[in-house]
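Here you go, one structure.
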Amino acid sequence: MANRKRTKTSSSIRRKDTRTAYAFISPWIIGFVCFTLFPIIFMFRVSLTNRKLNGVSEFSGMQNYVNMFKSGIFWNSIWVTLFFTIVMVIVTTIWAVIMALLLNQKQKLNGIFQFCYFLPSVIPSVALAYAFRTIFGKEAGLFNAFLSIFAGKNVAVNWLYDHATVYMVVFFITLFTYNTGQMMLIFRSGLSDVPMELYEACELDGAGAAKKFFSVTLPMISPLVLFNAVNGCVSALNGSFALLYPLTGESGNPDGMTQVLSLLIYKEAFSNMKVGYSCALSVVLFLIAALFGALLFGLSQKLVYYEN
Amino acid sequence: MKSAKTKKRVSQLWLYLLKTIVAVIMFLPIIWIATGGFKTLTEFTTSSRIIPQNFTLENFTYIFRSSNIFLYVRNTVLLMLGTTIGTLFSSSLVAYPLARMEFKGKNLIFSIIIATMMIPNIALIIPQYIMFGKIGWLDSLLPMIIPAFFAYPYNVFLFRQYFRSIPKELDESATIDGCSRVQIFFKVLVPLSKPTYATIAVLSCVFWWNELTQPVFYINSDEWRTLTMALMTSYMYTSGNAFVINWPSIMAAATLMILPPMLLYFFGNRFLVGGIKTTGLKG
Amino acid sequence: MKAKKLAAMLMTTVLACGMLAGCGSSGQESSEPAAEAPAEEAGEASAEAPAEGGGKITICTWNEQNPNDDLNMYLQCEKATGVDLEVTVIPESDYSSKLNQMVATGDDSIDVYIIWESDIANFAEAGGILPLDDYLEGSDIDTGDFIDAVAKLSDGLGATYGLPWCAATEILFYNQDMFDAAGLDYPTNDWAYADFLAAAEKLTQKDGDNTSVYGCALPNVQTWWAGIGGAGDQIYDPATGQLVIGAGAEEFVGDCADMVSKGIMPEPSSDTADLFASGKAAMAWAGSWNIGTYGDTLGFNWDIATLPTNKVKYNTLHTGFYTINANSKDPENAWKVVEYLMSKEGQTINSKASGNMSALKTIAEEGAWKVESATTIENWDAMTDSLAAGIFGYTCLPAGVTGNAVSNFNSAAMGQSTPEEAVKASSDYAAETIGY
């Protein structure tokens, strides 16, 4: 490119290129302005009004933000959002690495195993949520019945309503989401790129499986782990609604323990019809996302640098 | 020598066992869904057996006879095709200059595209909802299909990565042959990138087949309900009573919904699996 | 040259837009026959030519249509009026919210809304629904015949905007076989709350530590409020529009928590099931429309009674109003549909199918609501008694507020918080939300 530029030395070609390029890019520019930039500005504006679902609205200044910061439900939701996002990323990343490690051991029937490991991630999250609501049900749940066999007596844990168990179950369910399956595949291809010589050298030193994992595998796939982890944060923010809305409802049962910000946004806008307030909540979610986004951006810059 | 061999065999067996346990855990919900569709409501809510005791087809007959299943399938397919065609066309157009041309503001535009990738859709959905309401697009598929024709940043990014891997000499020789940029794009790049198009098409189809959030916000009436929504609405309650959840009916409908992605895995495995790997790796 | 390329690119963009438009509109066209199919099929099955031709009208409701053609009032309406009637079902959980969205955006895809108590005033104010007075003048519907509570709710709107589709109440369902087995007398309409508590305890069957049959099912999102109202709380204050709960709610929630801890009542669970219908609960507080749903499908003898009387006799009255969308393209035919559904024939079919009474006193007196298939019911007086005690209560509050409160009650019932905390949290949230 640089070569051609210098030989032809014509700025007219470049100008022409620029025009053509912008013509090519124009769909994105229109889309960006209409569907991203405008909504962002609009969101800030509406957050300063008491707009209702039926469209009636009046300027109310910072009132929504004042109310929001006074609301216990809001702070609970912020905490739940951060907790859910970060823990989900950690749990799913570890699980994805485990599955990838297992599949990486070349054996017969690996195709079937990969099918079983990956399929749950391409089925709709609504279907998953309903399946798990009944699997973890109290009266006729599959999991309680399974535990009863081992305990030798009737086990009746109310998994999704009990404060002590709800997070355990919810994070277990995140193992079945699209994000986990995606990470597993990425790790798989990352693992197959690790040179065999490194393992062999390690074996000669008499290292066990655990040592091999921590001294060879993990360092080799660490950039992937980092990338997946931060990427997972953004998809956790986005995907939590589709999983939790059918699973624990808009109030985030029990006691708002699973009420992430996106559920609260939906509830305030559509059950309570407080669209202005809902926009103020959206602004906060937007800022949280921006925070995670900046983190990912910084990291990916660094990673690209690594590759070069 | 012998002990080493048996040792290896034993560890192989352990590995199989471990893999099987994980496979059972991962596949269990699918089995639970698939068998649940053949149970009666009473059995589903009182017994935790996996195999149906009173095998019944009533849930499936209900779905095919009394519900608008074909309407929901049509809506879902329309949504899937509309968004996929839109994004393939627009995203690849936008990606082309970003990958293969030099122009003023390229870096700025690319940075903005990367930045918008990080904004979760849910953060902007309320203002978008108001906006689409004003244009009169609510209760249709338009709020989801139209934006697809204006390039999704994520897909732009993917196309750019692929386009960059194609040798630039091809462009140059085509230019010498008198091709314009538009011709180069359609005659050189598009044919070369067919697998990329297929991959992104498959990923997009899977996404929209499973998408719940946007339809929940934008669609009100039965006429435009997608399958995911129907699962939460049409198939959820027993008739005449909105407080008794009809679990077997949900499971039966969910079973039908799982089939297409499953078939896709069998036949389009290459694109699905390969696609996800590359999309992540090139980050 | 440059200009040409630019033009080409512009063309592409325009083309893309064109494709979109084409896509959208063709979708709309092709949808119509598909959406109609089930209704049409059913119409053909009954093989009776409709009366003189009419347009197409869409009505929305939250209940699935009755599978029995004779009891499907919409199908019968089609036959009688000749208007092609299409039913859109929106589940109860987002019914109010979806309707609010449609009215806000001036949606015209629905002609006849059945609107809830909490929404009718807002919709009338926003001009989303038509005043029906002109139509009523030339019709047989006697608005003076409505039960008092309904008449009162319509007052103050300045005009008649909606006609009540039914008057439903909340009652006690009980399993006679289990009462017999426990040697208990059947509940009566003047049962006291203490009688209920005592019976619930005796009816509970234990299997080790676990309950195999519960004395009473957990109150559902509706009957929580009946219990709280019965314990003396006002619940809804029409003057301020606020949620008013206090000592009564604390008492009732406390009682439920107590019963849950003793295994007399089940905990709320993610795999929500109708424990009464599946024979795992001896009693249940639920809506009268369950009579129509249960019919003769339960494998045991059962009957009904009014909800037990605590400090006051209380149950929430449920209705909905037939209204016509102000944006309807065909209000004339929409009115035809409403007129039929409010007529004696329409109201009778509705009562027979659902077990809900008509809000028109003279029609209700004829007793079509005594569901024929529910052969084990003898105490039909429970219905009239409940109706007399029925009050419009929690249904006038925003769904988010009541939903949040029920979440709080549920966690108090499980002992995760105290009843006092639950009531305070609910009131605080209501105050934060209402009057926004």
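Odds and ends about this structure:
We just call them A, B and C in the order they show up, numbering each chain from 1.
By our rule, a residue touches a chain if its C-beta (ideal position, glycine included) is under 8 Å from a C-beta of that chain, and two chains touch if they have at least 3 such contacts.
Computed from a predicted structure; not experimentally measured.
If touching chains are joined by edges, the resulting network of the protein chains shown connects every chain directly with every other.
Two chain pairs, A-B and B-C, are compared here, and A-B has more C-beta pairs in contact (counted per touch definition above). Annotation: 35 Å between the Cα-based centres of chain B and chain C. We define each chain's centre as the mean of its Cα atoms; on that basis chain A and chain B are separated by 15 Å.
In chain A, 20, 24, 27, 30, 55, 134, 139-141 are the positions where the chain touches two or more neighbouring chains simultaneously. Contact with two or more other chains is made by residues 45-46, 90, 93, 133, 149, 181-182, 232, 247 of chain B.
Residue positions of chain C touching 2 or more other chains, listed in rising order: 5, 8-9, 16, 94, 101, 104-105, 271, 273, 280. Interface residues of chain A, counted against chain B in their complex, comprise 1, 4-5, 14, 17-18, 20-22, 24-25, 27-28, 30-32, 34-36, 38-40, 42-43, 46, 51, 55, 98-99, 102-103, 105, 107, 109, 112-120, 122-128, 130-132, 134-135, 139-142, 144-145, 175-176, 178, 181-183, 185-186, 188-190, 224, 227-228, 231, 234-235, 237-238, 241-242, 245-246, 262, 265-266, 269, 275, 278-279, 282, 285-286, 289-290, 292-294, 296-297, 300, 303.
Residue ranges of chain A in contact with chain C, taken from their complex: 16, 19-20, 23-24, 26-27, 30, 50, 52-56, 67, 71-73, 133-134, 136-141, 153-154, 156, 158-163, 247-251, 253-256, 267-268, 270-274, 277.
Of all residues in chain C, only 5, 8-9, 12, 16-17, 19-20, 23-24, 27-28, 30-31, 34-35, 37-38, 60, 62-67, 88-94, 98, 101-102, 104-107, 109-110, 220-222, 271-274, 277-278, 280, 286-287, 289-290, 292-293, 353-354 touch chain B in the complex they form. Across the complex, chain A is touched by residues 12, 15-16, 18-19, 22-24, 26-30, 32-33, 36, 44-50, 90, 93-94, 96-98, 101-104, 106, 109, 112-131, 133, 147, 149-151, 153, 156, 168, 172, 181-182, 185, 206, 209-213, 216-217, 227-228, 231-232, 247, 250-251, 254, 257-258, 261-262, 264-265, 272-273, 276-277, 279-281, 283 of chain B.
Across the interface of their complex, chain A is touched by residues 1-2, 5-6, 8-10, 13, 16, 94, 97, 100-101, 103-105, 122, 126, 128, 207-210, 266-271, 273, 275, 280, 398-401, 403-404, 407-408, 410-411, 414, 416-417, 428-429, 432-433, 436 of chain C.
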